[in-house]
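Read from first to last, the chains carry the letters A, B and C; within each, the first residue is number 1.
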């Protein structure tokens, strides 16, 4: 459990909050490039770390992410005209480029210098790994983009999807680094029907009490979950949590991948899921499987405070209890909910917008959860004290891989020594 | 009128409030048994006195009402798997019985004793009179169930329905103990069309200013409303208000009954209506009439704070102005609203979530309303001072009946002396 | 820009606020007479300056606007029975006339005098210019109705419409007195397609940086916007802002007119648009054009706090992004939004409920906006100091007209001297 003030510190990422400042030291992927595909196309409304923004791709293909409201009289830039290398507010024609510079202010006399004094808030962006990334921190602290393998493979080897989740980011992160729940939440009732492939099935289903070991690293931590397999062997899953919200989940080829959980605000998340094959282009079937397209509908979404953002929402959601089917739950799988991703969402959203961690009772399988909280809390406090998260911002440390395998090795340190060449990617 | 602080004291029943503590000394019917009919069936989401709960019927048919969220990491127990005498959280498989004991904690090592230390909040329940009852107070203060006649008759003699009302409980209670409104709100425009049976019609419709006398009792009070009838006689209605929210309404045989108004939270009520015949099974037509089934639709309802509960809502509701028909109002009945129950609901909901009682102007027919407020306020304050409501908790005092009749007796005390054998049930 | 406290002072008009007090010195049109056409017809729910009210037309055709809730137990008067010169609460039959007097209190004994002591809040009303007007200030300060030309012409020469806008009143007022935006927000992409008639087209479209001069008057101000036209001439638009929220917009004959913006509450407006011909009855086509009927749907609207009012809402609204069409925006008009009124609404609503004026950057074309703010702030502060807005309340000063024309005169004072007979109506 956490006390009330630590829970606040952990979960609040708006401007001026300690955790918000820490998050503003990192690059975040906030859109899929395909959501902003066309030069001079329709702008996209975002909220990131509780700031309302508009993204647009200009005539030259460059992406700007700027304040949602015009600095003149605060009209919505989403309605703006995206034209000739700038987004022009339709209220009075003030026009801004991707850097936030006012490049036209036609309501002023020709000799006015007011245009040079007015800017719109604009953040550095990058296109990388099929995503649009944003950096919202102090310019002088801006790091390089992280060397994540999924982002560095050719586009043909990767499939992405993005959707809304209606809870605090940390509930989702904690679900992601929680190996134990895989044996329960995602379990079929018959081993034969398991969505987990091959021989690992049995271990995941049979051993619901994995032994978890956390190994802190500069990028966050990797942790090993050891389950008993057949013949005295062990089933190992070694996965990563990369600061601040990336996960890596093992697979043999596709769908190796993970997710990141970018706070829209303190009770909504923009999730990006990345799946890839490290060595070859994906097949059409793999792309379809990675996109989960039947389950996600393009949508604009009106947040509780009335502001609209452009983000897809799962058709299985809290409004319809994720279409839980109690007969399915009795006979086929543990939850009665159809999609693995949705099973996770149902859990984290059912806790409420921000879970009250004073009421928890953590067990032995929650060591990774505890480690992630402590790490984030410490880093946020350190930053308040002027200690920058420099170790975590080196790009090359993100070049790692998750791994799962069955072997006789039962000791985590030994296991990692033996299999380091797998767990640390060489691409 | 009430001042602001008395109005707060009267209307707030969440944990830790004085009125909430008083309510937690009583048993409350919170579900119909038929809503939780099947062993190992679908759990039902409740909010009672501002606490979020989940009810389930286990394999043996026993009913548990437990915290809506798992004590482990606070996932929603509604999604749980109801299996083998317990509700198992699908997140990590922790399983709880109807008493709140953790009966399986499969994420822990086999020799762990952690399971014995963790419980989920669980309240005592009872099945009685076709309802599921809950007791949410201190265990050592738990009283016996009240000897209400409607609850004690065989199931075949009773019909129940339950629905949502969107206002504070006290607005509904005040409407229920307010004999004067019957002459107006529920009046037809022609006497012949009155929904009230027989000769009493005339008096209710003709005398809209009944003389009200309140007689305090241990269970709350009974009050007599005397109207002028024909030939110098009087029409008497003597009805009860039983602590904290039960009403008894007279009828000759069916549909003798009443309603109780259990706070979901401070601005929503779960209403249970009970109608019964004290001596014989109901006919199918009586059951249909008592259920009001065409007007109530099964539904899940999302409360304003985002939490979903499982409760029916009237299809005539505030979203459609209760389908008020102004032509009907001009020509047929006083309100233009079709159903008596809905006429009441329209009034109490139109006051807003919690009515501002500083703005009222109470008249001579409001004596019962005033008496109920004073009684509740006094009992809540007494309990704060350590004075328990012991007199009100004796089961046998609830064995009373409402009565209406025409007679020559004009004095309430005399009337009650003469007709005590009717007003106090002998079942 | 404004600081936080001035922005609060400017935008809050509820009971007891300084700006609310200032607004309560003026008459406001709050309904179209046609919305309350029938004697003894259906009451209409209003919120005006954050007060919940009900309007009804009695048997004699007189209009009452009274408290939305009955003074007895606070039931909704909207459900009342409108009968025999009064609105009768259906809960207990208390009946009130258009002046708020209790004319029947049938729950009290015949000899009771309680009826004479109870009133329902009621405000003076007037029917004038096709509208129902309300005065909500101190009785002894009640002024005469303003001599607005649109209100004084015969009904056959006028067309009105009323609709909801979801933002603070001042955002709309500022848009209305902002000549510069006309050149942008409402501009076609080809001059030939301009909705502005005749030769003025070119100037409005070509000169997006009009020179604005504000001339304070007792009624508010008039301001001249001068644009360069052909052949060394100037295109002049001289329009008025009349306290507190009326605009006058020029036209040659129909559709001369304007709008007023009455606060429902601090984040919702009831807009009335008036168009008229000063000299002749309107044609059917002009009436249809003035009503905008295809775009506005009759509707009840539930405000965020749960209270329902009766007001039309534009079918192009924030829920559907005003049906912005990006292809239209690329090829036909500047916004991609179809209706001029809706283009304005999209801008003012996109700023949020109450725009944060600390973040603005005002330019040279915002002088009228600045002048209106200063005037309102000064008048609200003056009234707090006991200085009544007497100059602004003389009816005859509202008898003015807007004007637009092309001429050689480039100096505003000269222009006004030469064309005063046009700008000040003589009806």
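Operating definition for what follows: contacts are C-beta pairs under 8 Å (C-beta built on N, C-alpha and C of every residue); 3 or more make two chains touch, one makes a residue touch a chain.
This one's a predicted model, so the numbers in the text were calculated from it and none came from an experiment.
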Examine where the copies chain A and chain B touch and state whether the two sides share over half of their residue numbers (same) or under half (different).
different
Degree value of the rotation bringing chain B onto chain C, based on Cα positions, nearest 5:
120
So, what's the distance in Å between the C-alpha centres of chain B and chain A?
47
Touching two or more other chains in chain A are residues none
What residues of chain B sit close enough to touch chain C in their complex?
174, 180-181, 183-185, 208-209, 318-319, 321, 324, 326, 329-330, 334-337, 343, 346-348, 350-353, 355-357, 359-366, 369
In the complex, the residues of chain C that touch chain B are 40-42, 69, 71-76, 78-79, 81, 90-93, 105-110, 112, 114, 118, 300, 302, 306-308
